[in-house]
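Two complexes, one shared chain (chain A), two partners (chain B, chain C).
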Partner chain A sequence: MQPASSSAQVPESLHPSGSSAAGPQGAAGRTKARAAMPPVDRGWAPYLFLAPYVVLTAAFFLMPFFNAIALAFYETNGPRTRVFVGLANFRFLFADPMFYRALENTTIFALASVFLQLPLSLGLAVLLNSSETRFKSFFRLILFSPNLVGQIFVGILFSVLFTPRYGLINRSLQGLFHWGLEERWLTNPALVMPALVLTSLWVWVGFNMVYFLAALQSVDKTLEEAARIDGAGAWSVFWHVTLPSMRHVVVFVVITCIIGSYQLFELPLALLNTTDGFGPDNSGLTLITYLYEMAFRSGDLGLGAAIGWVVTLIIFTISMVQIRASRILED
Partner chain B sequence: MDVVHWLLLALFAPLPILLLRSGSAAAVRYARWVAIGLASVVVLAPFVWLLAAVFKDRSVFNEYVFFPPLAQWSSKTMNLGNFVELLRGKPSVDGPVYFWQYVLNSTVYATVSTVAQLGVSSLGGYALAKYEFRGKAALMAFMLGSMMIPSVLLLAPLYKLVVDARMVDTLPGIIIPWIATAYGVFLFRQACVSVPNEMLDAGRIDGCSELGIYYRLVMPLVRPMAAAFCLIAFLQHWNSFFAPNVFLHSQRNFTLPIVLTMYVNDYHDTNYGVYLTGTALAMIPPAVLFLALQREFISGLTSGAVKG
Partner chain C sequence: MIEKFPYGRAPFWLLIVAAVSSIVRPIVARSGSSRPDLLYVTFSHLHQETYEKVVGEFERRHDIHVQFQYSDWHVLQSRLENAMLAGADVPDMVEVFEGSLGFFTRGPAADIGLLDLTDKIRSTGLDRRLVQSRFASWSTGGRVYAFPHDVHPTMLAYRRDLVERLGIDVKSLDTWDKFVEAGRRITRDENGDGIIDHYMLDLPGDGQWGLETLMLQRGSQLFDAQGRVAFDTDVTAATIRWYIEQTRGPAKIAYDAGMDQPLLKVMTDGLVLFYITPDWRSGFFEHELPGLKGKMALMPLPAWEPGGRRTSVWGGTGLVISRRTKHPDLAWDLAQFLYYNPKEGGERFVGTKIVPVDRDEWGLPELDAPDPYYSNQPIGRLYADLAPRTPPHYVTALTVVAQRKLNEAYSRSLQHYERFGEEGLDRAIREELARAAEYVRIREERNEALAQVQ
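And now, the complex of A and B:
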């Protein structure tokens, strides 16, 4: 829990602020307006404490951010040469079938995440939350454990689990349904997205479950009890009492889930490694894989920035719609 | 019918019996246990499969789904061949590179990033929580806004920046740009707000400097939060792929995720076991850290979400 060792020399530089803080007036009368608050004007101390964050953010967030605006209007060949091309990057993008394929795949993945993954997470959370379930934290640990494994490692592992005839998944499907032993999940364009979604379920069902479980535990038990006494069935208690009182977490989880889905990159890249992360016929191409390909494999950082802006816009729009919708729901 | 079907049948068979004998509550409880158990089996199966794959010889890799039956265990079916191949020095432009080099790179990268992030975030979060100063509201608004920007947007210009700063293909080049995160500062702000002001004032009266208060009073109090944050940060960097893959060029600087994706291509047709072994080894440090910090982690993860 040690802070960065470089802070060892800070006390000397901080000393003047410490002594000025001891004076009753402090630096200026600007805190007078907040007479109700405790006297907390400590001169330079807060500025010093925030300096590392501010300096690093200026250098590695603000500068690249403004550069990203400019860069989207340039064509570059590697980081060194650039030519101004106006809106040509965006024109190229909106004429490129690969871009639409990526957008389609990513959207399908986002929809699958919201409508498959989240209900499963919620279901498991409800199962685990019921008071008789002993070993609650034990099973929570098990179901959460795939999240400790990086997406790249998950992708590598599942690329072998999906092996035709011998893979664990193919064999399990054969054992359960007498189907799927020879299915080529990762080289059959029709099965690439299902494979990706299945893998993502394995990883993230437990992740969202942790959030739902925490929310369920903070739901007011007396409300549920009152509804039960009034004769509501288990299902209608859940639907009319429990779910509405955890709506904040549901909105939060849905938004993070969609945002995460639109940034999907590492999982397909590793899972579909033998086809450059694209899948056959671009069947597993996502927006960020497309960005990666254009910006860093082909070397056009300008086009990469343009794609980045499109992704940002999509994510921003969806979050705004979602937040607006949840406000309307609350009224 | 297969063994699997009989097993499933056996699992569900007690259901009607319970329903008749002990009533629906007992049946529901049993069904719940079966559902949770099955979900856990699905989640754990790949891990068990991986553990078997690591030790299975190439010649029997596909013969047994998991481990071979105990009677078949010998050095021909179960051995350390995958480790030997994995740890062998691989030729590169600048001499042979050993697997431990990547482990070392990943460890240094993840550890230094985590410690630096912890320092910057906790200092900033403490300042935001416990001081009034000019520009505070503006800074908070900026931080909230900056969290809406996906990191990929900045990657192309960041790459240019790192190249211009001559930090490309070095560890500092993948560490420094990601030390300051609005999210980290916010997490610590939330944790520091609940530290009582009286305690800080008592520290001041006793002659503690402002930095001393942060280090001696605040940090010990937000320790659970700090532990959760460390785990999240470490996981993020240990598993990070995009930036290191773009920013690092020479073989001996690579981190584990990069090199293992390369091995997938190298060994795909000959021996899965080699990169599966590497993957299994790469899973160990996060798992150990997680088990050590488990309790803090779950509460820290959900603290921001479950407040409204």
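And now, the complex of A and C:
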């Protein structure tokens, strides 16, 4: 079968010269150049350009993806020995109290992220969006900049700040409230999660603020103005006009925030480095730390794969529920 | 030419870049692949510097090139683990931490990527020359897979100036009971600001290395010689109770000084007087806190009972040889040259402050040299005298899991103490230890299906 050879059969958007933004002269010039080209089989072009991506994806995503599905049903011992064990890995997982501890910790962290981090981000975005705020660019940079620091560095930095007696946070608390000088943030199970949340606030509040700020700047000002003329107060305008106008961004940020929380790994690993991210009594153990421990520290790759699938299902389910809930609310 | 390319300029240049890099990369990789005859990776700058000073003679003798590389131990451990899992290229020789061997020796013997050194160690008499207990950390199933680098006997380093000012006679502190008694006298608020000014002992608040070091001294440990879980014992329970009393009780004497910078600050300020200190840590203090020169001193650990063991063990390094090395005999020779070579042993001790594991080197004059940092004590001799009494530290593939569960049992016992005080504490400790040990046994049994196949 003769493949199509006419460029006219390829959609205009696929043509390198197909932009409608090109001026008439540019278009005419390119048409002339195209007329001088030898006839080319353009039907293969999209596939050729996609090929590198497809090959790489197949090699580094699809193959490991399917391999991980199979691996979850094997017990591994050392690098080359494996035995098919059916659902034994999943049975072990659902009977392991450490898994539930990891799930509980991760969920608490995710909830703290949504109910503490995002309101703070939104509040800062509102402040920076106000016409009365000065030095906006400066504050935006300052608030965003913690995100430029790697989480491992943040963990190390905060492990020093949380040092009993000498740490900046402990000394500040002592100075302000006459409490906290000797608090063991990283070795007291009750304080490990607050320490993790505090550290993550420092990193992520500014990052999410940028999303909210962009959304606030795209809200239709005439709607807000109309509401004010109708007598709505500042809070009422924000709650009934501004926030609904940016709901798509809010849903996006909430979903990414929860997904990120369920993938929490580096921060506890660095902050609680003496316990490899576990914390005392597993108080800092997250699902991914648990996966890492089982798969790479204990060498139980089959169990690690099973945990990976369970984590994926958890994140997928939560995301679906959120998307569905946001649609219902929208309706 | 660009104009004639049918898909536009950007794809043209992308194609050029892809083509050029595809050609250049293999050429560059080939020209830069002059791998040394032996590649040796260590996690210690100090080790690397010491080895590089002496390796020239070995290279000349064998007409080979040896390259030493440094890698952070976290990175080294995970890279080596992943390289072995993936079957990728690994260095010929690698220094690994105590406790990590279990990961590399999981599975059937045919799958182990490390050279089995057992027969040669026996035939050359090395097993008789080295401190016997140190082979425990580097063996699996009765086979030895690493050369022990050190013994790491443990002492107490202390701020001599402050201890003398506070009127403590260290010679009388020969048992932990006497140590605690003295500690209770000095652990107090001296200036009336409500904050304690001196603590007697540095112990980590979450158990970590402190608990296991004390357990080892007392004759209890995570696994027995056969690799069976062995930490749910009365001795461990008693040690946990003692630990809780010293770190949290109303008459506590211990403070968690942390590691690295916080630890150095605590030492400089004299907040804590005594620090559990294996030989490697004595060198660390000397290197990091030169300002304390002449103010520090060392003493043996107090015993758990009169006449009992005055030392323990904390940490250890072993040298493994990859089974894929092209020069196993040279690797063996290099290990002997670097680790068990009396000629270089003195310089190695001066550089690292680590007492040799080779008994033949204990007569080196460098070990008897007074160390001005530790108030002119001959610290090499002090550690060497304790070395034969270091307890064995058995390691399995589940050592890391067992350490975590032990710390979990400690942490939960501590929470019980903070909620209910002494009431039911002993029972709670035993229950937590039993639960923790049972978890490790369940993890062991997970390999049953594989064991049947093998």
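In this section, the second predicted complex is superposed on the first by the 288 of 331 C-alpha atoms of A that agree within 3 Å, B and C clash if a C-alpha of one lies under 4 Å from a C-alpha of the other, contacts with A are read in each partner's own complex, and residues count from 1 in each chain.
Rule of thumb we're sticking to: contacts are C-beta pairs under 8 Å (C-beta built on N, C-alpha and C of every residue); 3 or more make two chains touch, one makes a residue touch a chain.
These numbers come from a predicted model, not from an experiment.
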Do chain B and chain C fit side by side on chain A after the overlay, or clash? clash
Which superposed partner A:56 touches (first chain B, second chain C, both, neither): first
So, A:301: does it touch chain B (first), chain C (second), both, or neither? both
Where does A:45 make contact in the superposed view: on chain B (first), on chain C (second), on both, or on neither? both
When the two structures are overlaid on chain A, which partner does A:278 contact: first (chain B), second (chain C), both, or neither? second
Which partner, chain B or chain C, touches more chain A residues: B
Check whether A:164 is in contact with chain B, with chain C, with both or with neither, and answer first, second, both or neither. second
Could you point to the stretch of chain B, among 44-52, 170-178, 206-214 or 224-232, that collides with chain C in the superposition? 206-214
Touching chain B and also chain C: which chain A residues? 17, 37-38, 40, 42, 45, 49, 52, 79-80, 160, 165-166, 274, 296, 301
For chain A, which residues count as touching chain C in their complex? 16-17, 33, 36-38, 40, 42, 45, 49, 52, 75, 77-81, 83, 85, 88, 92, 97, 160, 163-167, 181-182, 184, 187-189, 274-276, 278-282, 296-301, 303
Going by the contact rule at the top, pick out the chain B residues touching chain A in the complex. 2-5, 29, 32-33, 35-36, 39-40, 42-47, 49-50, 53, 61-62, 65, 115-116, 118-124, 126-128, 130-134, 136, 139, 146, 148-161, 163-164, 176-180, 182, 185, 197, 201, 204, 209-212, 214-215, 219, 223, 226-227, 230, 235, 238-242, 246, 257, 260-261, 264-265, 268, 272, 275-276, 279, 282-283, 286-287, 290, 294, 298, 301-302, 305-306, 308
With touch defined as at the start, can you tell me which chain A residues reach chain B in the complex? 1-4, 7, 10-11, 14-15, 17-18, 21, 30-31, 34, 37-38, 40-42, 45-47, 49-50, 52-54, 56-57, 59-61, 63-65, 67-68, 71, 79-80, 124, 127-128, 130, 132-133, 137, 139-146, 148-153, 156-161, 165-166, 168, 171-172, 175-176, 202, 205-206, 210-211, 214-215, 218, 248-249, 252-253, 259, 262-263, 265-266, 269-270, 273-274, 288, 291-292, 295-296, 301-302, 304-305, 308-309, 311-312, 315-316, 319
In the complex, the residues of chain C that touch chain A are 3-4, 6-11, 18, 78, 81-82, 84-87, 103, 106-108, 111-113, 195, 204-208, 256, 258-259, 261-262, 265-266, 271, 397-398, 400-401, 404, 407-408, 411-412, 415, 439, 443, 446-447, 449-450, 453-454
